[in-house]
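Chains: A, B, C, D, E and F, in written order; residue numbering restarts at 1 for each.
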Amino acid sequence: MNPILQGVELMLAGMGTVFAFLTLLVLSTLLMSRLVLRFAPDAVVPPPGADAHGPTEDEVAAIAAAVAHHRGRGP
Amino acid sequence: MNPILQGVELMLAGMGTVFAFLTLLVLSTLLMSRLVLRFAPDAVVPPPGADAHGPTEDEVAAIAAAVAHHRGRGP
Amino acid sequence: MNPILQGVELMLAGMGTVFAFLTLLVLSTLLMSRLVLRFAPDAVVPPPGADAHGPTEDEVAAIAAAVAHHRGRGP
Amino acid sequence: MERLSDLWLASGLYQMSWGQAVMIAVCLGLLYLAVARRFEPLLLVTIGFGGILSNLPGAEIATGNGLLHLTYVVGIETGAFPLIIFMGVGAMTDFGPMLANPKTLFLGAAAQFGIFATLLGALGLSALGWFDFSLQQAAAIGIIGGADGPTAIYVAGKLAPELLGAIAVAAYSYMALVPLIQPPIMRALTTARERAIEMRQLRTVSRVERIVFPLLLVLLVGLMLPAAAPLLGMFCFGNLMRECGVVERLSDTTRNALINIVTIFLGLAVGSKLAADAFLVPSTLGILVLGMAAFAVGTATGVLMAKLMNLLTREPINPLIGAAGVSAVPMAARVANRVGQEANPHNYLLMHAMGPNVAGVIGSAVAAGVLILLAGE
Amino acid sequence: MERLSDLWLASGLYQMSWGQAVMIAVCLGLLYLAVARRFEPLLLVTIGFGGILSNLPGAEIATGNGLLHLTYVVGIETGAFPLIIFMGVGAMTDFGPMLANPKTLFLGAAAQFGIFATLLGALGLSALGWFDFSLQQAAAIGIIGGADGPTAIYVAGKLAPELLGAIAVAAYSYMALVPLIQPPIMRALTTARERAIEMRQLRTVSRVERIVFPLLLVLLVGLMLPAAAPLLGMFCFGNLMRECGVVERLSDTTRNALINIVTIFLGLAVGSKLAADAFLVPSTLGILVLGMAAFAVGTATGVLMAKLMNLLTREPINPLIGAAGVSAVPMAARVANRVGQEANPHNYLLMHAMGPNVAGVIGSAVAAGVLILLAGE
Amino acid sequence: MERLSDLWLASGLYQMSWGQAVMIAVCLGLLYLAVARRFEPLLLVTIGFGGILSNLPGAEIATGNGLLHLTYVVGIETGAFPLIIFMGVGAMTDFGPMLANPKTLFLGAAAQFGIFATLLGALGLSALGWFDFSLQQAAAIGIIGGADGPTAIYVAGKLAPELLGAIAVAAYSYMALVPLIQPPIMRALTTARERAIEMRQLRTVSRVERIVFPLLLVLLVGLMLPAAAPLLGMFCFGNLMRECGVVERLSDTTRNALINIVTIFLGLAVGSKLAADAFLVPSTLGILVLGMAAFAVGTATGVLMAKLMNLLTREPINPLIGAAGVSAVPMAARVANRVGQEANPHNYLLMHAMGPNVAGVIGSAVAAGVLILLAGE
């Protein structure tokens, strides 16, 4: 078969699949979100990593800032 | 041979070995401890990891606690 | 060939190559440094690792020291 | 048009079997337990997700040159992953409580009876014609009673790789279920007064003892039972790195980056054994039932051994800590502590239970060595 | 004397070809861009240095039993390295903005047109007789338009390993050049008023949604297009570890030690494909030109799709965020934000652009699956 | 009964040879030195424990499909582990002092005489009939004088894998013994006045110089001696990652998690070469004696070279820093500093000694290249 034709066919199949897949993903995501928000609403949203052991980088940075703040206004 | 008999034999050999091994381990551990405490007593027991470089997770947590404590009672 | 002779030959070739290579390296390093200092002088020398994300071990240590200092002279 | 039909023929929807759909549901269930109930999440998240990937028809991740199959071949067929995990576990293990009271090693020995009783049970069910387990398979099922993930995977990889998926799932699931499985058995076998026994505070253990112990253990296992030497050797190596105090950077990497990396790939590789055609077979049901029995029997014999020791020795032992002898570190020790506090709120058994707990790791590694040696081939 | 001549015959000076000298200069150029201009430094430093090592004649690092060649065989021929990197990327990806506004997934779909247009372009240039790309090669070149390094390397490794060096260099270079390539196209296709559109603030996304989404995605891809399941499966696995909150230690290692280690060896292995005889061929020039076109077309179709959606839906979309649909995470999202602020200083598009940005990752992985399925063999 | 006899026949006690018992004692000695005396603990703990495991009869860890043997095949036969370690060492190395005073490179050249003198010595002992070392073996023994672990393991793996255990143990042991071996030689060859020489403070080195140097070095080695390019190339790659400032996350992982992981497995794999039948042979004694000589000769020629340079150049050099040219980073530089302070308490030689110290690493990698090229095959 003419390679250009093959390419066109591949483009149609490819973009078709990409759009079909992402359309399905949009629909199922919307459905999923609706179901989750109805049946499993979590009032507080713990940030990912909240269960991590030990202080995170951000926390350490916060500590550093706190110390800096304290020292800045110290005697 | 009857597989059940094989199993019984394996159980006897297995539990026998486990107990024999752990009995030997108990005896040699008691002996080892006695020898160590007699010939190589270390007055202070440095916690494992004392040689680690940099602050440990616990130390960082302690720092965080210290800062929090300080801020809590601050003006 | 006599292995000792082979060894002597290898020693001559080896030490010769080592000295030749390192002489070339000295010369090209001197040349490189001269070129760099002329054409690409950087007034401030940022320490390596300055671009690292998050506080470094040293910084955390500094925080720890700061807290310790503060607590030491606290009430 | 032809392209469309190619796409359809290659789709999962077209190719999926009922078994694969069931297995995906099972794996979603494992993930639910891991995430919502925190059942051994490190392993059940990775195994569960690996299981999903392995049941997507056409993805070919768990076959041929697929990543999960290659990982299985490289890491589990060779035994490398469980051994490295065991090294990491060694680098996390504190032998202090056991060294302070070496008698607790006997509790770790007694609890291994669950392994061999289950082995016999598996052979019995086969004799009844309900299942058809060979001696190797029965031994691999028994090791679930060791309550120790890497040991179970190592032994199953050697003796019965075709059952590895079910054995690993059973081992980790029941380890997570220890707080449900053990307390009724512990209460049934003890009086309230026994459960209230307070134990003498443990002595301090010196640094030299901690350093010498892993060397003593590896030499003893080398002399007595070399078949257990790979498992216990790597365990002792990790522990020596931890305790010797001069290779802290290696020890730290071993119990963090290295064990984490290997855990991820171990879990995925075990997941590759959850493909429907291998997992949805009657023997899986047998493995799940027998594995539960293994935990129960081990718990019971651990408690009974503690009671026996109370008859024979002067210093009182709270029999609850015998249940920690199955291992399931540190869950079983926590369970012993909790059940003890129900009977006596001033009772702090946690440290006392850590002794039999780590002894159980040694005990099941020794049992593993015997099984590999005598049931292997 | 003979030894001296051996040394001279074995020296690089004696053996070096012009091509190797040129390639070393090219690699020094890549290193310059990476270090002085911060062009994708993680990959261009490692690829560039690997390229230098591969063009030292007589060193034999990139051939036979040389380290770089072994790394290539173990890590890229098997697909392991790009898949592991993708897992790490998943562990770094926040699907929140996309979940808050799933419509932006369409932008990530539209921008994949760059891939297929480029594929057609490669076949067209071959029909004109300028180059001689097979269908497989054209598909591998097209994937540069996915603007996603690991996807490009994975597809090229499967379909056209002989072009992998050029494709990887093009993909990472153009990802670094996104701030230069995209803005003119974005401005040309939009009015100042469109660029000034402010978007409604995104809703908060719940933790459960974040956990369920990767499972939904992997199941959908398994049902629809299993050929994309390895890539998207590992991506979803990383993301699940990140979001589930119970395996933080695995997630942390995945997005730090593990992805860093694999990046180093991936870069060196890709560098091993920069040997002069494989890289200094006319097709490389074609790949560079076509790759640039792929980015441009994808940017354009992303923007145009956003304009089309504005015609069809009520809630206004700033068409600039369509350009982020090519992926090039997070560079393209930042570019959209910057161009938006030029038109309206109060316009904060960054979060809105992250949706199409990560959608573009999914979109190009789906496209990769189609290409592997239909152009493979 | 039969089972009992199986267990006995499989036990270590039954199978152990005298040689294995001796080797276990030797390994316990290495562990003692590593832990109690802090002799190169990172390597001697891992090698020593690997050696114990390899001498447990019946454990079969260091043979066949045993973990240590597989590790050896994958990591040392391919050269991958020493090369990765060298990359990590590069990421830890500061070339600043050497760049500030490039003349010190000559000291690193002179100290390599220890390598070639030892090679001759090994051939001489063979000519006398005391030992029977081939040219390859003599070259591998000589490289102990490079005082650089990964280089020694890399060369021994290529030229004389059968001697690798003894060579690695000798190299790391003598590196740990540098504070005992070097000072007497340094004092014997210098006057108190020479040792008291203070050196001019080093100039600041710019960031660009630091970045360009590893590139200059890898290109020079590629042009002059490609056989040394794998070693020095990986070393330069690590150093470039360190200095370029844009891939800090890769550089950090390289000098932490990655080098730690590889060190663990390198040590275990080297330990697998400490099995009694390979190690308890007369040639090991020869290797230990020759290795000691290698360190001594290298120290001496380094010091003498510094004295020669003092005759030829204006700016005075403290001859003690010549001893640091053997490498043994950073121990030898510290020794030079300490001996210098004995003669003149205001003398801070540490930074000055770091120049020849890292030059010694380059020098012995070049020597390794020559040996592999001319003695190989």
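Note that a residue touches a chain if its C-beta (ideal position, glycine included) is under 8 Å from a C-beta of that chain, and two chains touch if they have at least 3 such contacts.
Bear in mind that the values here come from a model prediction, so they are computed numbers and not experimental data.
K.L.:
Could you name all chains that are in contact with chain D and with chain E at the same time?
P.N.:
A, F
K.L.:
Going by more than half of the contact pairs matching by residue number, which of B-F, A-D or B-D reproduces the interface of A-E?
P.N.:
B-D
K.L.:
Just curious, how far off is chain E from chain C if you go by their C-alpha centres, in Å?
P.N.:
Result: the chain centres lie 34 Å from each other.
K.L.:
If you average the CA atoms of chain C and of chain D, how far apart do the two points sit, in angstrom?
P.N.:
For chain C versus chain D, the centre distance works out to 47 Å.
K.L.:
Roughly how far is chain E from chain F, going centre to centre by Cα mean, in whole Å?
P.N.:
Each chain's C-alpha centroid was found; their separation is 41 Å.
K.L.:
What positions in chain D touch 2 or more of the other chains?
P.N.:
Only 3, 7, 224-225, 245-246, 249, 252, 257, 370, 374 qualify.
K.L.:
Where in chain C do residues touch two or more of the other chains?
P.N.:
Expected reply: 10, 13, 17, 53, 60, 63, 67, 70.
K.L.:
Taking the touch rule as given, give the residues of chain F at its contact with chain C in the complex, in rising order.
P.N.:
It comes out as residues 99, 102-103, 105-106, 108-109, 112-113, 115-117, 119-120, 123-124, 126-127, 135, 138-139, 204-210, 212-213, 216-217, 220-221, 224-225, 242-243, 245-246, 248-249, 251-252, 359, 362-363, 366-367, 369-371, 374-375.
K.L.:
With touch defined as at the start, can you tell me which chain E residues reach chain C in the complex?
P.N.:
3-4, 7
K.L.:
Show which residues of chain F lie in contact with chain D when the two form their complex.
P.N.:
3, 6-7, 10-13, 15-16, 24, 28, 31, 34-35, 38, 41-42, 45-46, 49, 52-53, 56-61, 65-67, 70, 256-257, 260-261, 263-264, 268
K.L.:
Touching residues of chain E toward chain D in the complex: what are they?
P.N.:
78-80, 83, 211, 215, 218-219, 222-227, 229-230, 233-234, 236-237, 240-241, 244-247, 249-250, 252-254, 257-258, 370, 373-374
K.L.:
How about chain B: which of its residues touch chain D in the complex?
P.N.:
Those in contact with chain D are residues 3-4, 6-8, 10-11, 13-15, 17-26, 28-30, 32-33, 36-37, 40-42, 45-46, 48-53.
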